[in-house]
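Every chain is named by a letter (A, B and C) in the order it is written, and numbering of its residues begins at 1.
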């Protein structure tokens, strides 16, 4: 864009060479400080801790073990099981979010009375705290008194109350449902923003060419939404992989190990087994994996656009 | 477009009927879609509120009473009245708390925790603005070396999972003696919310024409003065969006608060509410009432400032 | 300046800034911290008998003028909650501890031996079982809070309706009677057990294992759970069959905690349950239970090669190094521990109140023959049977420094077997492997 122009004729307002640069650095400095402390520091310190065996039940012995903790973690089949659970959870969540958010964004993009009310109410799930969300769904899923059982029973879909969270086949899906419910509003807004930026001329031109609503959707709307979709997919994948709160409150990793995702395993390893070394190793691996995943997805999207 | 093929009158009539049908069909479709939408979004919360107004006796009905048949505000009363009142041998409840109707001693922490949450959230918002706005302005308007890289770097910091932050942070803050202090939360939340704030602000600032900037500096303003006198007044939608995001993120955060707070002195609302969840010694309806209290402030905020969120996010996207 | 050096300069500047900000914030924060002088004694418990504790505390504060900060949290996650507090260096002076965690917490240095406080170690009137459970490596770590065992409870009314004359004496009979009750449509899930991953789980499992004639670990501390003879297999197999084959136990048992068992059993929808013996009191109180008068205790059913043995446990008041660090604080804390765990004004006030309110057992020898106590038991249970079962109660055999970590893996393995995801042998082998691994590391 203007980079070549700027390089050739940098404004020298203020009269001092490098003034712009210095101002920029001063303005950005506080931000840089804060982020260095919270981004760079944990990564470095996390790696440092992971090189030792630190078991709080044996405070005296913390030998340096190099990369042993990583080998222990990576060769533990339980860890890979957790990775599989996390991947399954993330895929389930992101697909559901993408579909639901798209449908809702399309609805909110239409002009009709009450649309403002709908879009205001859309924000309610997003605003409530994760804990309140977890509590609410735990109560709804309750095997003895829950609303889900009650509703299905009253509608004659089931004959007697069923076990929900305690049924290991259903556990992750139910947790995913609670997660999706809370995340859909933000995703909807991001897609809505994308929808609003599609110039009306594109739709008009398509109409002139004889396209009906459905084919307009597939040939005009969807392609223009690529970057918004990309943003939603990246963001929600990151959120799903790292999510902890619902697992802590709804199932504590159970039943059995049905909801043992990586974030939960790190918590157990660190705060229950009190093995800070291996916990830090796992956390470091998760951080690296997330970075790599983000990079891959962003590159893939950049290429498409 | 005026393609005259058939007799005008017939064309118009067909067009009108077809259009009315189409409009009716569209109206019906939108109505159904809206109902489904509302159902999905609001039903769980309506149930939460309904449960909070039921007595313990009613709440365990099978199937559940969707609308309370004997609504009572006793759960909310219990929360607001909860006090560490002194209990003597004579006044003690001589029964097992497990049989219900028992308000835990942590109930009296609910309101102070709300205050803590509020203080933390406000501090985070203020710091977000102080740190984020100048940086966003610089990154949007000043073409300094490393600008592109810094925008990516800032977004990259959010990629690190919170659970990976907890372990090193916990040890670091513990060694500093800052555990159980709301400052540990404020600093951490600031770092966690500032990237998104900067991202939103940068998008917004980039959409404001450069001419304004140049004009101000020709008039002799320094960078800082340009920022405060020219850009801030214009940036209201995105500022409100940032304030809202930062406030809600701090209010709702759970994992870091769980790790960094030990006593009611610093515990925030999500922690106190979570402490009720698995304890069956208190009533289900009480838990739901606590949940309702936890969602009221954020929901009110979101509803009041709803239009700024969309416009705050849209601002950067619309070109020209 | 080239880009690289300017960035390095920026980084150096920022690093110094970070350090400065950090130190500044820390000093500011510590000034904002709480004043340490004259802090009340911090007493942490789980949420049992809360009002009873509060009333006794009020009397303590009135008598001694020592202020106590009392807090409680759910028993189901008590160990995790306390550990988080310990590693966060939260202020705790005395707290309730389960015998299961004594080695772990002693090794980590979170609770300290109390041999130097003579009033606490005066064990003249303390049951031997309790003394043994509070002692680790020859040192005593506190005084007794309460002691009890896992009991087998049945709903007499349901059995009568089903035409069953006498409660079951073996686990096979339990299954048969449960089937009868289920077939007659009297209960959908006649057997109600808690298999949720929480603090109680080890006690439920151990009761099953002991009564089936097995053990988790042998006397030398080596894993024995996986042995076909004398291990935990018969117990686990009974549970798996009850859920999967006979369908007399609901698959939701892996989600059901002990408190949920109490609530559900007291609503009269089940026939047989394992509960701590003290729950008998609540289950037979008309104000707290729908089946009052019908909740009866029977001897723990025996397995094929088993006996009527059950698991016994005790909980005690522990003392932290923080309390012991300061002489006045230590003296005050000991006074509090004596007031609760020993005699208050010459009487075992707290123990008797606990018994009356919640039905708790105790570790005080003389109270066993107290007429008031015996009358209390008689009002809701067969005193002799209760006493007989007590004599058959044995201490858990998994109490070691690595208990916490092994317990997590073992619990998960049992849950997976019950859900039919792995076989009984696989589950027990996983559990044994973890035990052996942790034992080697210690």
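Just so it is clear, a contact is a pair of C-beta atoms (placed from the backbone, for glycine too) under 8 Å apart; a residue touches a chain by one contact, two chains touch by 3 or more.
These figures come from a predicted structure and were not determined experimentally.
When C-beta pairs in contact are tallied for each pair of chains, A-B comes out on top. Chain centres here are C-alpha means, and the one lying farthest from chain B is C. Inter-chain centre distance (chain A to chain B, centres taken as mean C-alpha positions): 15 Å.
If each chain is reduced to the centroid of its CA atoms, chain B and chain C end up 38 Å from each other.
Work out the mean CA point of chain A and of chain C, and you get 37 Å between them.
Each of residues 22, 84, 87, 260 in chain C touches at least two other chains. Across the assembly, chain A contributes 25, 32, 37, 41, 144 as residues in contact with two or more other chains. Residue numbers of chain B whose C-beta contacts span two or more other chains: 145, 187, 258.
Against chain A, the residues of chain B that register as touching in their complex are 27, 30, 33-34, 37-38, 40-42, 44-45, 47-48, 51, 59-64, 130-132, 134-135, 137-139, 142-145, 147, 150, 153-154, 156-169, 171-172, 187-188, 190-192, 194-195, 198, 214, 217-218, 222-224, 227, 248, 251-255, 258, 269-271, 273-274, 277, 284, 287-288, 290-291, 294-295, 298-299, 301-303, 306, 309-310, 313-314, 317-319. Of all residues in chain A, only 2-3, 6, 10-11, 13-14, 20-21, 23-25, 27-28, 30-32, 34-35, 37-39, 41-43, 45-46, 49, 100, 104, 107, 110, 112, 114, 118-132, 134-140, 144-147, 149-151, 153-154, 161, 181, 185, 189-190, 192-194, 196-197, 238, 241-242, 244-245, 248-249, 263, 266-267, 270, 276, 279-280, 283-284, 286-287, 290-291, 294 touch chain B in the complex they form.
On the chain C side of its complex with chain B, the touching residues are 3, 6-7, 22, 25-26, 28-30, 32-34, 47-52, 54-56, 58-59, 70-74, 76-77, 84-85, 87-91, 257, 259-260, 262-263, 266, 279, 281-282, 285, 287-289, 353, 356-359. Note for the complex: chain B touches chain C at residues 86-89, 91-100, 102, 104-106, 145-146, 170, 174, 176-181, 183-184, 187, 258-259, 262-263, 265, 275, 278-281. Partner chain C is touched in their complex by these residues of chain A: 25, 29, 32-33, 36-37, 41, 56-59, 143-144, 160, 163, 165-168, 252-257, 268, 271-274.
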